[in-house]
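Below are structures written as structure tokens.
The following pair of complexes shares a single chain, chain A, combined with chain B in the former and chain C in the latter.
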Partner chain A sequence: MKKFLAFTLGILTAIGGFVDIGDLVASSLSGARFGLALAWVLVLGVIGICAYAEMAGRVVAITKRPVFDLVRERLGPRVALVNLVASYLVTLLTLAAELGGVALAIELVTSVSYLLWVPVVGFVLWVALWRVKFETLERIFGLLGLVLVVFVVALFRLPGHGPDLWHQALSPVPTPGENWNTYWYFAVSLFASALTPYEVFFFSSGGVEENWGPRQLPEMRVNVFIGFPLGGGLALALMAVSAEVFHPLDAQVTSLGQVALPAALALGRLGLAVAILGFFAATFGAAMETGLSAAYVVAQFFGWPWGKRLQPRRAARFHTVLLVSVLLGIVALMTTIDPIQLTEYMLVFSAVVLPLTYLPILVVANDRGYLGDHVNGRLANAVGVIFLVVIVAAAAAAIPLMIVTGAGG
Partner chain B sequence: MNELYVSFHLLDRQIVDRDGLEVGKVDEVELGIDDRGAPYLAALLVGPQAFGPRISGWLGRLLTGLARRLRTDRSGPLRIPYDLVRQVDSAVELSVRRDLLREPELESWLREHLIGRIPGSAE
Partner chain C sequence: MWLGLAYCTGPVDAHGYRKTAVQSAQAALNAVRTGALAADAQLLDPYASTLLGDQLGAVAAAQEQLLAEPPPDSGTRNVRDQLLPLLNGSAVQLGDLAYAMSTGDLAAVRAHQEQLRRLGDQLDDFVERYR
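Right, the complex of A and B next:
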């Protein structure tokens, strides 16, 4: 059983990258507007995050040093501090958005405004992060998030436009009525969300929490190569059902309820219920991931004791940052800012700081002083370098594209 | 490791105690001059007061100011004599346990006034 559950850290991490609240809506929206013409971005994102999560996981298994340790060591204090501030803000605002996402999922069931649920959700999240063991959290929400597989089932139950979908996926150009700027804006935000920095912060810190050593290298790779493709596959399924249902109608997707609609059309009430359960699990899982990551990066930058493997009183500064971050997330949402739009903007800003996180990973993964014989092979370096170029290009293009397109409007 | 470069192998590296528990970062190093006039590595300095001055400009001033306000620098940075360093690897490992070193005041303050008061903090 333990072997069977060994990949839940990878799944939970991937949920934050591919099916958190921002992605649920972004994938559906791009399916509605572009069909599957942007599906290649998800595939690219899965390959990129697999390559870098594997490097970060390897560094942890051999040296026990999580990613933000490397960031400060290799970029120096000043640049690392800039990265810390940017990454913390992105992670914090994403945490706020996820709390909103959980509350929106509950609103779908109860019809009580999500704003009333936000403080409740925030409190429950904090209690879970305070009391429940890391492995338990990871298993419950990693596995529960997999019920989103209902969208894969829905895809096969919907009356078939299979050939259309293939055609869209194989012709990666803007669909009629859309232009290249918008197309690239969507591509950059989907790519940035697949590689959001908190994924590697969380994955590598989770490896430390689970006390990985050289013997856990195979387990780490199972996490990477099962978890991320599964997460990416779920996002692809969301995009495909949306391409099937909304694209022919020229309909826009703007709310969580609309994202669930294809499951309801294909599988009735049960499909809808499972979809909403999946939204709840995925957004709550992503809230845990971002909440912990916010505290991980601060503690790791300053060298404080951190982690859920310690008693809270032995890591008082870490738990204070965690508590304050959850509170700030609640406060941010109570300003009635739209949680879905919030993540969309966050993705663009996170694209800008991505290179500051991924460069140090690539450098250290090549350092024999750290990894001995476990340094990158040729394949890992080739993929790593190519993706670093793509990441830098996306970082440079993100803000101009946002301005030119009016954020994808 | 035969040669040790202060800026590459020491500065900004994680310090852990003999059991692998986090102590802090090497925020700054202290050099001494021996009898023959040759410089040697005297101590590692840990804490925002040691770190702040390394960051020039407003960001550094903000950090040092914040540290002062958060009452973390009553007694200056934590000074770890270099004799206590057992090994410099992916982390700087000490030969003593963390409990023998002075605990940062921010940690003790937060434990006493906030975290330690929440039920379940010792589990």
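Right, the complex of A and C next:
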């Protein structure tokens, strides 16, 4: 019974923790502009993150070392340094976007400018990461993020266009008034939102923090193969309600307030309040994950003591990088850049660096020196290689598509 | 590269101006449609003021974007003259809707919602025509 509860709690945390500012923005924007014509990309992205998260989790459970640590050892410090710089910068950008998301969520319930909340949110985040245990943080915000299920309920409460949504989902082409360049630009953004690099750094480093071993493999796999797809279902629900409310009116989504509007239309003030709570939990949880991930990658590259399992005094450099990263995120937002636009750019740059994150995982997961009999099987390799091709294509297309479309125009 | 930058920062031609006009119209369309939807929902007061404030800001930015460049010929002057009243009307209706919602004046909310829907249809036509 205790084991069953642990499994259930793990799955629920994985579901609630899946959605972040990237998913909120990319899913709603795509739903408004293309209906469900890009739903297939979300499904593809979820399959990809499942395949690679399972590899990363397996590497951690067998070697008891995080993936980034092994990347430096396996590929050498020079290649790993390129990986570090790209990963850190994109994770920092993601952290800034998540902080902006939290501040915007608070603005929605206070009507006080998000810019005034940014330093407060940064401070609270830093205190939480300094004082609260890793497992507590993960559980609280993962479970709170589950309230985003309100968008699934809203989908069924909104006046029915079910057949239209099915038709859109089964017609993966640009809708009238849109072109292929914009379609592919949004496809790349959506794909990147499901595979954001920090997710793997956090997942693998979190495995070490929680002391995973071979006995935790089944639990890890259940979390990945059940929790992540159900979490992807929340992102799909966000896309579907946006498709139902905004797409028929030719209206685009440009603010976080608009993302919550379908919940208010379907479920009134209660639905709206729950949706905003979900935004807060999803973005604050992801801000913690990205803050930690930024510090993880740097500390693991340089071989410093790292992690929440150590007293801050014993992992001083890790906590310093964490603090500096949060400060840089605050500074980025105080330039008054729109957090939603920042998120859109973050997704494009995430797409560009995806191969640097996922190729090394595939390499390490095939190394018998580390994994022994637990190396990738044929199926894992087939899926991994197919996705690597897609990842490289998305990385190559991301910047040209951003230029050609004027960032989605 | 320098020449390329010089070209990009030069005065816009008729095609560029129409593109800017369509972007401005689309931004206003998003705002008025959102305003009209908000009038249908039961909202928390701070949320309503933030949401409508964002939409007003978007229309103001669209007006600024359109007026930042002089139209390069008589055809584009005509385009500007068609769009400006729609943008102005959108800003006025969104502002008045926000006030009506904050005071709980349901009759005024319905009246402004109707105006926003009409403006939305006109902006939609504009976007379709010049896209």
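Brief remarks follow.
Everything that follows uses one rule, which is that the second predicted complex is superposed on the first by the 391 of 409 C-alpha atoms of A that agree within 3 Å, B and C clash if a C-alpha of one lies under 4 Å from a C-alpha of the other, contacts with A are read in each partner's own complex, and residues count from 1 in each chain.
Following the convention adopted for this analysis, contacts are C-beta pairs under 8 Å (C-beta built on N, C-alpha and C of every residue); 3 or more make two chains touch, one makes a residue touch a chain.
Everything numeric in this text was worked out from a predicted model, so none of it was measured.
Placing chain B and chain C on a common chain A by superposition gives a fit, with no clash between them. Touch criterion not met for A:Trp180: it reaches neither chain B nor chain C. Shared-chain residue A:Phe156: touches no atom of chain B or chain C. By the document's definition of touching, neither partner reaches A:Phe123: not chain B, not chain C.
Once the two complexes are overlaid on the shared chain, A:Arg313 sits against chain B while remaining clear of chain C. In the superposition on chain A, A:Asp250 contacts chain C only, with no contact to chain B. Legend: residue contacts after superposition of the two complexes on their common chain; A:Ile276 is shown touching chain C, with no touch to chain B.
Once both complexes are placed on a shared chain A, the shortest Cα to Cα gap between chain B and chain C comes to 26 Å. Those residues of chain B that touch chain A in the shared complex are 1, 12-15, 20-25, 46, 48, 51, 54-56, 59, 63, 89-91, 104, 106-108, 110-111, 114-116, 118, 120-123. Residues 62-65, 69, 72-73, 76-78, 80-81, 130-131, 302-306, 311-313, 316-317, 319-320, 323, 369-370 of chain A touch chain B in their complex. The touching residues of chain A, when paired with chain C in their complex, are 107-111, 177, 245-246, 249-255, 257-258, 260-261, 264-265, 268-269, 272-273, 276, 409. Contact residues on chain C toward chain A in their complex (touch as defined above): 23, 26-27, 29-30, 33-34, 37-38, 40-47, 49-51, 53-55, 58, 120, 124, 127-128, 131.
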